[in-house]
Amino acid sequence: MPKTHRFSIRTRLSYQLGEEGWLLLNLAAIETPAQKILSESIRNNRGIAFRKHAVQKNTTRFHGIAAPAGLLDISYEAEVERRISGFSEPESCPESPLIDLPHEVVRFLYPSRYCESDKLVRMAAKKFGDLQPGHERVAGICNWIYLNIDYRPGITDAHTSAVECLTLRAGVCRDFAHLGVTFCRAMGIPARYCSGYAYRLPLPDFHAFFEVWLGGRWCYYDATRLAPQHGFILVGSGHDAADTSVATMSSSVQLESMEIAVDKLTPGAVDFASVPVAF
Amino acid sequence: MPKTHRFSIRTRLSYQLGEEGWLLLNLAAIETPAQKILSESIRNNRGIAFRKHAVQKNTTRFHGIAAPAGLLDISYEAEVERRISGFSEPESCPESPLIDLPHEVVRFLYPSRYCESDKLVRMAAKKFGDLQPGHERVAGICNWIYLNIDYRPGITDAHTSAVECLTLRAGVCRDFAHLGVTFCRAMGIPARYCSGYAYRLPLPDFHAFFEVWLGGRWCYYDATRLAPQHGFILVGSGHDAADTSVATMSSSVQLESMEIAVDKLTPGAVDFASVPVAF
Amino acid sequence: MPKTHRFSIRTRLSYQLGEEGWLLLNLAAIETPAQKILSESIRNNRGIAFRKHAVQKNTTRFHGIAAPAGLLDISYEAEVERRISGFSEPESCPESPLIDLPHEVVRFLYPSRYCESDKLVRMAAKKFGDLQPGHERVAGICNWIYLNIDYRPGITDAHTSAVECLTLRAGVCRDFAHLGVTFCRAMGIPARYCSGYAYRLPLPDFHAFFEVWLGGRWCYYDATRLAPQHGFILVGSGHDAADTSVATMSSSVQLESMEIAVDKLTPGAVDFASVPVAF
Amino acid sequence: MPKTHRFSIRTRLSYQLGEEGWLLLNLAAIETPAQKILSESIRNNRGIAFRKHAVQKNTTRFHGIAAPAGLLDISYEAEVERRISGFSEPESCPESPLIDLPHEVVRFLYPSRYCESDKLVRMAAKKFGDLQPGHERVAGICNWIYLNIDYRPGITDAHTSAVECLTLRAGVCRDFAHLGVTFCRAMGIPARYCSGYAYRLPLPDFHAFFEVWLGGRWCYYDATRLAPQHGFILVGSGHDAADTSVATMSSSVQLESMEIAVDKLTPGAVDFASVPVAF
């Protein structure tokens, strides 16, 4: 297994602005210990300078842009190196006593807009309470979601929460990630939602997965099994899709089209993860 | 009007632990430009050392404690000086263009567990869209809540969201604050939920209110009109009650009783705010 | 104003059956004191006999059909005479004391799937409690809905309830009728949901409105103001859209297309109602 | 096993009326093929005549009463004979093709206020789709509920729906019955909610269970396993708890206390049902 992979990302988003408007974009890969940005560019067809918002280490970057009415094409291109960064042993990534959690991790214990973990405490305890704490429990949560929720576009939408997805028993990657986050928080495990790119996703699009605080770091999981985790590129993490959306925009802005391509620049297979991995 | 007031706070919380357990407490006043902690102590009846979690400037502090089975009494006492810190003119606190918001403020635009602002965009625009942006609009939101929602304990509970409160037309300070936050975010104004103490609250308890980003700083508002804002002491602010609860605790812990007393140590009346004020 | 009008209805529904399946159709006009069916036919392209389900007087008729895989065209044609049947004076249609309600009317006091009247008791009392009981109150409810809810297709769907419509402040005729029913029941006024045809509906389709028990009979109301009430043809009434849907069908059946035409066969204008009217 | 049992029921309900008010009571046993009322009386402490609402065969009876301010005691006493009326073979009670359902049964296919069967179609198909249609499937639904939902008072309330109970994984007999009804309807099996009395209920109270249309009649089921079904006395059946509540009353009426006693007057054990049984 190669120790690193290099990927190219090419994203093109076309927006139509009915009048002067603005966008806050959240589509650029971030720099992490396991993810190195070798080159990167973000451009638009109007020659407008982007406002770069302060970058918090290992979390979300925003590119802001205000533009006049008309067509606004955004293109983002990057070359990213991923280092495979799993724990050698699942046993080495235990859950942390809550009282020992770092201050900035505590807030990922709490329910959020699309992850109503307060409602699933009893169900999570019944389903996952007997599993070994740590990686085994989180892997059990992912397996349960994979086996019980149908991956089916068109049933849920941008307002669907984890509990609604659980009731409907269907959803897309966004819903699978919300449900994983929700079950983890319901078990007292800090968890956050991630958006990013994925190599070999069946239909090229943004992808969603989630991170769990195990062994003192954020390890990521994906209950969809749609693409190998070692080919994920992290863009942003947050409470849920509410604060990691690709674009927040003023009311006159409409997405017209989107193209995404993720290619591999190095030889060798990209694997599904069998042990906890971190960015 | 005096320029400052000094208040004393005495809080006593009694918990029963069925077995060994832990609590993360969020009950200590924070230091802000307008709020100075003159003295402070937190104690427990078991002589256990609290773990103090990193304090983010102007936001939430946590005191963690792990304790054996039995009764756990927590007492917090503080003397706090509040400086009255309003803008002289409401006109001087405009709404900010979203694209200019500081990075750490952006996340308070998004919906959260108890503040489903994505659902109220149309209603907020109808009710408050014609008001002057800034203080007038937020004051209009507070007035609408005060006039349309009954302050009535026992109808909502710790799982009630802003939309549910709006449907029921009744709630307590927690619900009033959630609804204020939700309408603001639905109008594109960053808003966060605050917990704290309040002088002259009719029934001594923790209080909830909310902060809005106006004129480049967080100004606070209270739609309940239960107590004068210049007598508020800020404990914590966050997305909503989910991440500012007084205590997060393990499952064996039960609250037995609570006593809170807020007294004024300086002469002179404590006023309701007529202009935007900040901590 | 003419005392009667005659209308022709032509409905064509095309279904695709992936395999053998069945439909329960609820699309035929019913006979009422004010609505006389002059002629009527229901046909299908497969020559299959319809099963006619027992017809309850003044309520819903069902036509059942089981069909093999393939295309199934249903056509319904009718000529219907509507007699204008208003009360001469709104004052003559008071609300009934609940204890005096006929047994079969009582059940329309209770909440149903899409009309959660138990949640809106307080809001209804605040908004409509000071209005004169009877027609004035129901007219007030219709006016409030007309003024506060946007008629906007595409925001709600077949699972949207009255409370959800109220939160979103938008919907279609189905949602307007649900909300009218819900506010009435919340005020202790029996109300039921109606489906039917309407002359001069801007876009030809089935229409939805609602009936309220006033003055000892079911009077109908429509908060959408889309078409004159004297041109409504009643098909069915029930608790809400759950039990008055045009078609209940097995899982392999898909609606392919629908055409509806309602024409007037008699001269003279068809009016909006200014007094309570009944079928 | 004795072929019949006789039971005595004594119910006392005390209400406080703040001002003149009224109640519609739904607490009297009904006459069915398997349930014979040997004697019966309903009285109140004010000597007011009850208004008896028309009794639909095998469904709900209402006793209406209007009373002045003050204490209103209602007492109901009855002696009822239950004949054990099971099918000899579960195989003899198949599900009916929907197109063949009697008209008055069709409406129990549709979702209702507390039984949102439209939301659980996919989940029901996954859990129960492979079971043998008829008794085996309904028994499987009851078993699933018994094994996955905790019988736990105090978590749900009078506004809790089946989907909410399913999320919380806890409830009382009302919620168990709602969930049973909901899963059945989601599978296309007509089902209705029942209220009644039960011999040997651990805590004397009204009980809730549900009926399913199998083999051309309503067979009843109970997922709580709290008391033997052959000791159930049927009071009313309807869409859900919304239209079978013990009392609908004006706003000034408060329930003060309730006493219920169900005793057996004949020797021999009262059994749990092992085959489908009907009233």
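Per-chain numbering from 1; labels A, B, C and D assigned in written order.
Note that in this section a contact is a pair of C-beta atoms (placed from the backbone, for glycine too) under 8 Å apart; a residue touches a chain by one contact, two chains touch by 3 or more.
Since the structure is predicted, the reported quantities are computational estimates derived from the model, not experimental observations.
Shared contact partners of chain C and chain D: not a single chain qualifies. Between the Cα centres of chain B and chain D there is a gap of 45 Å.
Rounded to a whole number, the gap between the C-alpha centres of chain A and chain B is 31 angstrom.
Separation between the centroids of chain B and chain C, computed from CA atoms only, is 47 Å.
Counting only residues that touch two or more partner chains, chain C has 119.
Judged by the touch criterion defined above, the protein chains form a single closed ring in which each chain touches exactly two others.
In this structure, the chains touch in the following pairs: A-B, A-D, B-C, C-D. Chain A contributes residues 119-120, 122-123, 126, 148, 150, 163, 166-170 to its touches with chain D in the complex.
By the touch criterion given at the top, residues 22, 24, 51, 53-56, 62, 64-66, 97-100, 102-104, 106-107, 109-113, 115-116, 118-119, 159, 238-239, 242-243, 248, 250 of chain C touch chain D in their complex.
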